[in-house]
Every structure is written in structure tokens, then in C-alpha cells.
Amino acid sequence: MSNANEYAKPGEYKGADLLAVAAAREVNDGDVVFAGTGLPMLAIMLAQKNNAPNSVCIYEAGSVDGKPIDLPTSVGDARCATNASIAAGLTEAFYSNLHRGYVDLAFLGGAEIDQYGNVNTTVVGDYANPSKRFTGSGGNPDINALARKTVFIMVQEKRRFKEHVDYITSPGWMVKKWPSGELVPKQEVYGKYFRGGVSAVITNMGVFRFDENGVIYLDTVHPGFTAEQVKDNCSFDLNISRCKGETVPPTYGELELLYKVVDPEGIFLP
Amino acid sequence: MSNANEYAKPGEYKGADLLAVAAAREVNDGDVVFAGTGLPMLAIMLAQKNNAPNSVCIYEAGSVDGKPIDLPTSVGDARCATNASIAAGLTEAFYSNLHRGYVDLAFLGGAEIDQYGNVNTTVVGDYANPSKRFTGSGGNPDINALARKTVFIMVQEKRRFKEHVDYITSPGWMVKKWPSGELVPKQEVYGKYFRGGVSAVITNMGVFRFDENGVIYLDTVHPGFTAEQVKDNCSFDLNISRCKGETVPPTYGELELLYKVVDPEGIFLP
Amino acid sequence: MAKAQRATIQEVASLIKDGDMLTFSGFTIWRRPMALVYELVRQQKKNLHLFEVNGGTHTEVLAGGGCIGIWESCWVGHELYGKLGERVADAQINKSFIVEDYSHAQAVARLLAGAYGLPFFPTACSLGTDILNPEYDMLKKAGKRDGSNPKIPKQKYVMYEDPFFDMGGIALMPAANPDWALVYAQTVSDKGIVRVNAQTYTDAEAIRAADKVIVLAEEIVPDEYLRREPTRNLATDYMVDYIVECPWGAHPTGSQFFYDVDADFIRSFYTATKSQDGYNKWADEWIFGVKDHDEYLAKLGITRLDKLRANTMLGYSTRVKRGSR
Amino acid sequence: MAKAQRATIQEVASLIKDGDMLTFSGFTIWRRPMALVYELVRQQKKNLHLFEVNGGTHTEVLAGGGCIGIWESCWVGHELYGKLGERVADAQINKSFIVEDYSHAQAVARLLAGAYGLPFFPTACSLGTDILNPEYDMLKKAGKRDGSNPKIPKQKYVMYEDPFFDMGGIALMPAANPDWALVYAQTVSDKGIVRVNAQTYTDAEAIRAADKVIVLAEEIVPDEYLRREPTRNLATDYMVDYIVECPWGAHPTGSQFFYDVDADFIRSFYTATKSQDGYNKWADEWIFGVKDHDEYLAKLGITRLDKLRANTMLGYSTRVKRGSR
């Protein structure tokens, strides 16, 4: 393609496309990436075929460094083990790899998030008397807890971006210290197991990062949106003062990879 | 063989032959046996070909239920894995099998033993200033600790049968409770992990068992020896009052199996 | 020694008593013992205590069937084919059974401890979260941590300070030793040696942790064949109590190198079971409406099943339409 | 990502510094990285801290060579071919290096903790023995448990009362995370994927527990070939730092499906090394007397090596005379 490196214009790509592309750009070449189900799988496969060919992907069901011929639809999919270096089980993924410290980047989704990057995928309301049940934690908090960096991929909605989430499923920069439950810096709870934390949150409207105090701020806004619009879609007072401009849109080459190579069947990208 | 079930006469078999035969008879059909290197391997293979065809053998290097074509010379031998149901590693043997509670019978050797069945395979003299170093524990104390029954196979010598061993490598019926080091019943130290203990000691002179107080006594004396001779080969006051007579000698069939089928190369039986 | 008995689905299901603690093979929508799970609903088991590393379609089948009393796990849903576990969600909201949440790696820690015969297993995973909130210990709230049930630990977890390297506080997770592991495996030998293809998930741990093990297998093969490659076997015969030969026994979940996940079937199950009434109608058709697994397969039909059949080289189906293109 | 570099025995040996903590692949006299062990003696390494699940001929080679400062393990000998580890025994008796005894399963517990990134691992094995005698904690006696060496835990073990099921006291064993794992494997890929044949011993745990990993392999094969059966691989490429293609690299220890243990060689080593003088003479001939592994093999000669070659079906040699008949 002659124009592979040219940027697509607003209207030429969907929100999910930019979500996947922006997420893929967070992967450094050579990273050991532990990815969750859904868009993270799409993004890591794009990264491997584009900007991070030497990155490695671990899925919690037990496949290490698979090279799927066909896009897996979940982390336990038979397709995850195609041409893998190891096909074992959860003990291999969670303990021999994650807990031992091999994982550079956690690539995860979330239902709700707060200003410290704490994510909720468990319940809405009081856990003892919930009004809604999500799927539950899965490996999200484990992977996020012990990877050196985490990128969350989410849908931007006012009800999903809260000052405090109803239930901390996955730890951000300020977490709960038990038995008191007071919010303390992640380091305080993890001791020498502290390796880092949430580095970016990517939504359909923008890219968010965290300041020195572990508080979220808008880093770039996606083309077609304004920082104010993003702020209006958070139920806390989002810091947009550090927004450095627009998110770099997908290139035609990236879109071609996404639709022709990574997800030709239209599984995550209808 | 017509006379396969007839008993061989003194002079027609060696001490090691009776040692192996008497040990093999301790195996119940269907037992899961965890065997150590040396004569125990000979004995379990004899048992499997004779009185306990459905018994299973685990070796600590990671083979489960191997059916060796050729006699292994040690528990890590390639031959141990022939036709095994599992060939894995030490974690499988020690934790998934032994610690989990699948092992019925531990089949082990020892250098020194005391009246409570405590075995020493580590040092002679004070550990901090030893006069001799043996090989060390290996898996002996682990297997003996958590199997439901243990049979020790040893050489009978006065210096090897002591009132107290210099170092308790492998636990008998009265073991040390730390930090004090006082001798207490095994149950007291093992709590709900207590599953049994040493049930028999077989030497080249006799078969020993343990009374209600966990004290060793002579159960049968091998043909050609007297109970007094056995007593003379112990440095403690051996109880021979419960000796119920002579150990049943090997049959010609058992000897045939030992020399023609189990150890035709003359590895343990020159 | 080998002790595994051949049995039918109905026979093994009848051995499971109300209130028993169960765990399962597989991962979300892969290698679940579905034929047996359906039969548990058919036999109307009650008050089952599920401990599972992760849930899936089978969990929803049991939840909707009113079989569950306690569910200890970390996740339930149908992956891409149904984003929530609606029957479990309803139960938690309406308190019709007890839901005890752990994280995925914490649940693995509990099963590993059980498999190794250890009282607990340490993990630094998911510290600082509400999963460890003492107020959210639902079994304790229900008064079930008094030691009267040997399958329920006296505490949900215990924090312990590392005395060796000053790593800090780490969580000790209590062992899980279910009464039963209900396992689906691609291959089992006539004596009970178990082999699975591709990822092993937590199947080896589930088999060792459980007191009794039932294995549904796609095929039963002569023992000597599995002994030719012992490094490929997952469990030995004396770890298995019952074996059932049950082709397509994992449907609608997938079985590597035999068949793929039946996405349409799970999608329609999810849609149908958003309400309990919907579940009841679905169950009337697919569980109570068929006498046994053979009728279930006949109802599905060969055309549908053949579409799911795995490509022998790839291990999954290349005939199913998975997406919009 | 794959990071494994191709190197020579001399190069990898030169990376290991005096005082480094080492562990090894294999089991007693099987799959030991002997060619590298000989080179460590040739390069006269000093004060090495060995943590090994079990010892063997390689331990004796290093002990006699004066390379060891601390030996933490549970067993040393040559199996049927030499009933004691005389060089280690002498060292313990003469206090020329520190010997710290654990049981076999306790040593596995320490390596498992290291492999899983846990501070400790619980075990009920070998309770009530002198292995746990506080008076026999030799590293403590030597003042080495003060926390100044991050590779030496502050305590040999800690007893902990089970808070969940009242099982009683269980021993917590500190993690072992050596600086180096010196591994011999039958096969490694050109990118670093590791595969071994037959029993895996504690090789997977040693690779994961160590900070850096050197793999000597009988053969280096194209990466794609090992990826065709990922369930058979022991470790992935990013766990390995250096790979060395070294045929017969485990001699005189055995390598399943390549060659058997060289019983005569080990027997004569044992006989020769009952005294330090004897060891020195032996080393002059077999270590210092040969420039490198090629000269070592040339000295052994093809006739001897061919006798050891494994039968391709059985995986061990049917040509060696093992017993008296």
C-alpha cells in the first residue's frame, strides 16, 4: 500500500479501531505482555504485526508466546496455543511467569474505573446487597497487580468513570489496606512485590495517564472530540490541563492490518 | 518350575536374597509404593512380579507406575520411566502424590537405626563436628514421614542398631519436637498429617516390628541365625520375647524370579 | 492401583449427593463436563457447593437449575458469546445462594494447595482489593466458618509477614479439596490414565485436589498406548474413580482436536436465560426435554455437529462462522 | 522476547563470578551440565554457593576442585557407582566449606517458591528430624543469616500453625533464587525454547528460580520445530540467557535418548577421589590435562562413547555391561 503510513481521517475509522491502535502503540518491542480477553487480544496481535514484532503474549489459560493463525475469541481458546512456546496451565501463567516477575505489560479491560485507576468488574452497589453483578475479577487484578505496567482499555461513559468505584476489583495507585480499608499508595500494600502500576487508560474518547500522586489526567483526546467532552463523560473532576493534544489517528496501514490480517472474520471489529 | 513353591534350604540362597524376598512380602497387592534407591527397587519389582501384581511404584525423580523392561540402578534412571503412567518431576512425586496422601508404603534403606525406628543417613558424631558423612537424607525422611507405612531394609550390625542415633534423618515413632528437641510421639509433631509410621525393619538376620509404645522388637529370625545372635548385633537391649520363629525362606520360584527376571544382569545380586 | 470403574452418566450423577462440594475441568467455555452437568440438573441436585477456578456456561446451567448452595470462584460468563452470568448474578442479588469471590490466581492458589496436600498456598496477587475486604466474607457472614464443615476453611485468607526476605505481607490462601472433580478429557485409558490436548488449564490440580474423580472422555483407549508417552499424561489411574466414554460430552464447550465451541448454542442459551422463566423454558427443551445425552445429540443433529468438528491439523474448526464477515 | 545468546563453554563459564549462587539441572547422575562444571574447575572458581535439590558427581568435581564455599542440599553420592560423596564429606568434616542440610522435599519446596516468585513454600515433610534442629543451622552459626546476603534467608525455616483446618504446625521453607541455573537439556531451539526427554526432575523449577540461565544442549534445533508441540516444552526463550551446543555435554552422567550413564567412568572417579591427592591426580588428567570438551571427548574415544549411545526405542544403552552377569 502506497499510503500505508498516511493517517486516516475522522469518519474513515471507527472508535474501536482507534482504541485498538492506540493500545497497540503502548506495547514496546520485546515486551512480555499478559493480555485479557477481548480488545486487548486484538491490540496485542496488531502490535505484534506492526510496532512490536518481538513482543510476547501470555494468556492466563496457560499459553505462552502463541502465534495464532486465526484470532482467538477468548484466552482459553485452542487458537491461543498455535505455535506457542509453552502450552501448559494457569499455574504456569500466574505463578511461573506473572508472580515470578517476567511480565512487563498487563493489557486489560474494565467496567468501571476511579481517579486512581482502581477498576471494578465485580458488582454495582454494596457487595453485600448489589444491584448488578458483572463477570467478576477473572485474572484482571492478579495480572494488573504484578506486571510492571498496566494498560486498561475501556468504554468512556460518565457512569463508568467514578470518583470511587463501588468495589475495587483491580488495584490502581491508591488501594485498600486491610483490615481498616483506608486508601494507601499501592507500594505500601505490595512491599517488595511492588513493580509498578497502571500507566495508561485508553477509551473511545481519549488516552489517560497518571500524575505523581497517582491521579488520572487526560493525556490526549481522540480526533473528533474535545477535552471538555471527555471531562463531561467523567463523574469526577477530570484534570484536562495536561492534555497535550489529539491522539494520533490510525494509519491506513494499521487499519488494513486490523481488518485484513488480525480480524478478517469480523469477530471484534464487525 | 515344578518346585517353584518349595522353600529353598539354608546355603541355597544368599542374605540379600532373603532380604529382598522378605521385603517384597511386605507389599500388599494394590499398594502405592514409594521406593528408594537400591534393594528397595529390587524388592518392589519382585513383589510386582509375584505377590503384588497390582502394586504401583513411584520414584522421587518423577516416574509414576513405571514398568521397567530392564532393572533401574537408581530412582532417576531412564529405565524408571519405561511404560510409566506419568513421567514428570519431583514436584509430582513429593507433592502431588506423597504430600497429597496417595502413598501406602514407603520402601527405604538406612545406615543407622534406633529402638524407635529413627534412621540416620547423614553423619556419625555431632553434626557440627562429624567424624563421618553419609550421603545425606535424600527423600528418605519425606517419604517415610507421609506414607501410611514404612519398611526399612538394612544391614544388621551392632554399630548400626543403636539406642539413639547420632542424627535423626528420618522419623520413627518417637521424634524430636523443636525448639526443645525432646522426644515425643510422632503424632504430636505431625498433627493431622500423621498417617502412620515404620511398620517393619528387615535385615540380613531378621524381621523387626514395633510395639504399642513404638519400640522395636524381633518378629522373626532368618533361618541359620538365633534370636540371641540378633540381640548381640544390636547395641541396645533388643526385645526378642515376641519372636514368633523363623522367617519364611525364599521359594525356588522367588529365587528364579530374582535372578532370571528381576536382576538377570547381576546389578544388586552379584 | 487402578480402581477406575466404567459407568454411565446417570450412574455417576446419582453418586453425587445434595450438598457435595464440586469442582470441574476446563476453562470458561472449554472442556467442561457438560453431559454430566445436564444430568445433575435432570436429577435435580440441590445445595451443591461449587469451588471453581473460573465459571462458565456449565455454572449457569447449574445456577438456573437451582442446584447451587455456595459458589466460590472469580468469574462467570460465556466469553464472547454472553457477556454476563445472568443466573449467578440473579442468585447473588436475590441471595438465593452464597457467592464468595476470590481472584483467579487466588483460586488457583487454593486448588494448588489442595492438589499438593498443603493447608494453604501463599500469593501476592490482588492485594489491596475489595476481594480481601473482611466485610465481604460471605461464608463468614452466613456463619459457615465455624469449622463444622471440613470443606469450609475457618478463614477466607490470612495475611502473613515474610520472615525470610522482608518482602512484606503476603496472603495465605486455604486449600480447596472438593468431594468431587467432574472432569472432561479428550482421552482416558481403560485403566484410568488421563490425557488432555493443548492447554492443561487447572485440570491436573482439580484431579489431585478432589477426594473422588469422575472422568468423561471423548474416547477410552488401551492403557498401553498412553504409557508409550508418559510425559504427555495428566493423571495416573489411581487418581480416578469413574470413567465414562461420552463422545461430544463437552458440547457446547470446546474440546481441542475434537470440536470447537458451539458459539450459536451458547449465544442462544445466554439470550434465553436472562430471566429464570427463560431458563426454565430452555431447560424444558434441552435438559428435561431429552432423556439422555444421545437424545441431546440427536436433537442437535449431525449437520450442526460436523460444522464444529476440529480440523485435525489445527485442533479447532475452520467451518464455523465466528464473526460478521 | 527471545534474548538467548549463543556462546562457548569458556565464555559462559567466565561469566560466573567467585561467590555466585548456582543451581543445576538433572538428578544425581543424570543430565548434569558436566562440560561446564569441568570448565568452572579449569577456571578455578572459588567460594561458589551451591543450592541444589540433590547433588551428584558434578558436586564432587566442584568440591574437590576447591570451588565451593557453601553447599545447601540433601544428598551427595554417585548412586550405585560410588556410595559416598567423599570430597563433600571431607569438606564438612574439615570445615573447609559450609554444609547446610535440608531434606529432598524441603529442597524442592525452596526451589518451587523461587520458581513461583513466592517468599516461601509450606511442607509437612521431615518434621521431627535433626534436619530442623536449630543447633544445626550452619549458615546461622557462621553469622550469614544477618540479611546482608540477599541470597541467604534470615532463617533456615519457620514453623507455622495452620489457621484454616487445624492441621497442626507446618514448616515454611524460604525461597531459593540462585544467581545462575546451569542446565543441560537434550534439545534447545535457536531462540532458547528448552525441551527435555523423559523425567523432568526439577529442571523447570531451576530455570524459573534462577536470575540467569545457561543451557548446554545436545543439539540446537530450529525454533519452529519445538513450537509444533508446545505441551512438550519445559521453558520459553525469555527464561534463557545463554545457549551452548555441546554434544556429550552431560558425560559421564546420562541423557535419556542420547546416552547412558558412564558407570565405569564414575566408579573410577569415585575410587580415585577418596583422597584429595587422588582427586588432584584425577583432575590433572581429566580436567587440566585436556584443553577443552573436544579434547575430553577425544581422550574418551569413540569406542567408549558408542557403547553408551542410547537405544533409540528404549532411550538408554543396551550395550553397556551394568552388573556381574
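Every chain is named by a letter (A, B, C and D) in the order it is written, and numbering of its residues begins at 1.
To be clear about the criterion, a residue touches a chain if its C-beta (ideal position, glycine included) is under 8 Å from a C-beta of that chain, and two chains touch if they have at least 3 such contacts.
On a predicted model such as this, the values are computed, not experimentally measured, just so you know.
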On the document's contact criterion, could you list the chains that touch chain A and likewise touch chain B?
C, D
Hopping only between chains that touch, the fewest steps from chain A to chain C number 1
Of B-D and B-C, whichever chain pair has more C-beta contact pairs:
B-D
Which of B-C, B-D or A-D has the same interface as A-C, meaning more than half of the contact pairs match by residue number?
B-D
Between chain D and chain B, distance of the C-alpha-averaged centres to the nearest whole Å:
27
What is the distance in Å between the mean C-alpha positions of chain A and chain D?
41
Shared-interface residues of chain B (touching two or more other chains) are 63, 81, 87-88, 95, 99
Among chain C residues, those touching two or more other chains are 117-118, 123-124, 162, 165-167, 170, 198, 200, 204, 231
Please categorise the chain-chain contact pattern as a line, ring, star, complete graph or other.
other
Every touching pair of chains is listed here as A-C, A-D, B-C, B-D, C-D
Could you pull out which chain D residues touch chain A in their complex?
1-2, 115-118, 193, 204, 208, 224, 226-228, 230-231, 233, 235-239
Which residues, counting only chain D, touch chain C once they are in their complex?
117-124, 147, 150, 153-155, 158, 160, 162-167, 170, 172, 174-175, 197-198, 200, 231-232
Touching residues of chain B toward chain C in the complex: what are they?
29-32, 54-56, 63-67, 81, 83-88, 95-96, 99-102
Within their complex, state which residues of chain A touch chain C.
37-38, 60-63, 69-70, 73-82, 87-91, 94-95, 98-99, 122-123, 127-128, 130-142, 145-146, 167-171, 175-179, 181, 184, 186, 189-193, 263-268, 270
Along chain D, where are the residues that touch chain B in the complex?
26-30, 53-55, 73-77, 79-80, 83-85, 88-89, 92-93, 99, 101-106, 108, 112, 123-136, 138, 141, 159, 162, 165-170, 198-205, 254, 256-257, 260-261, 263, 310, 314-316, 318, 321-325
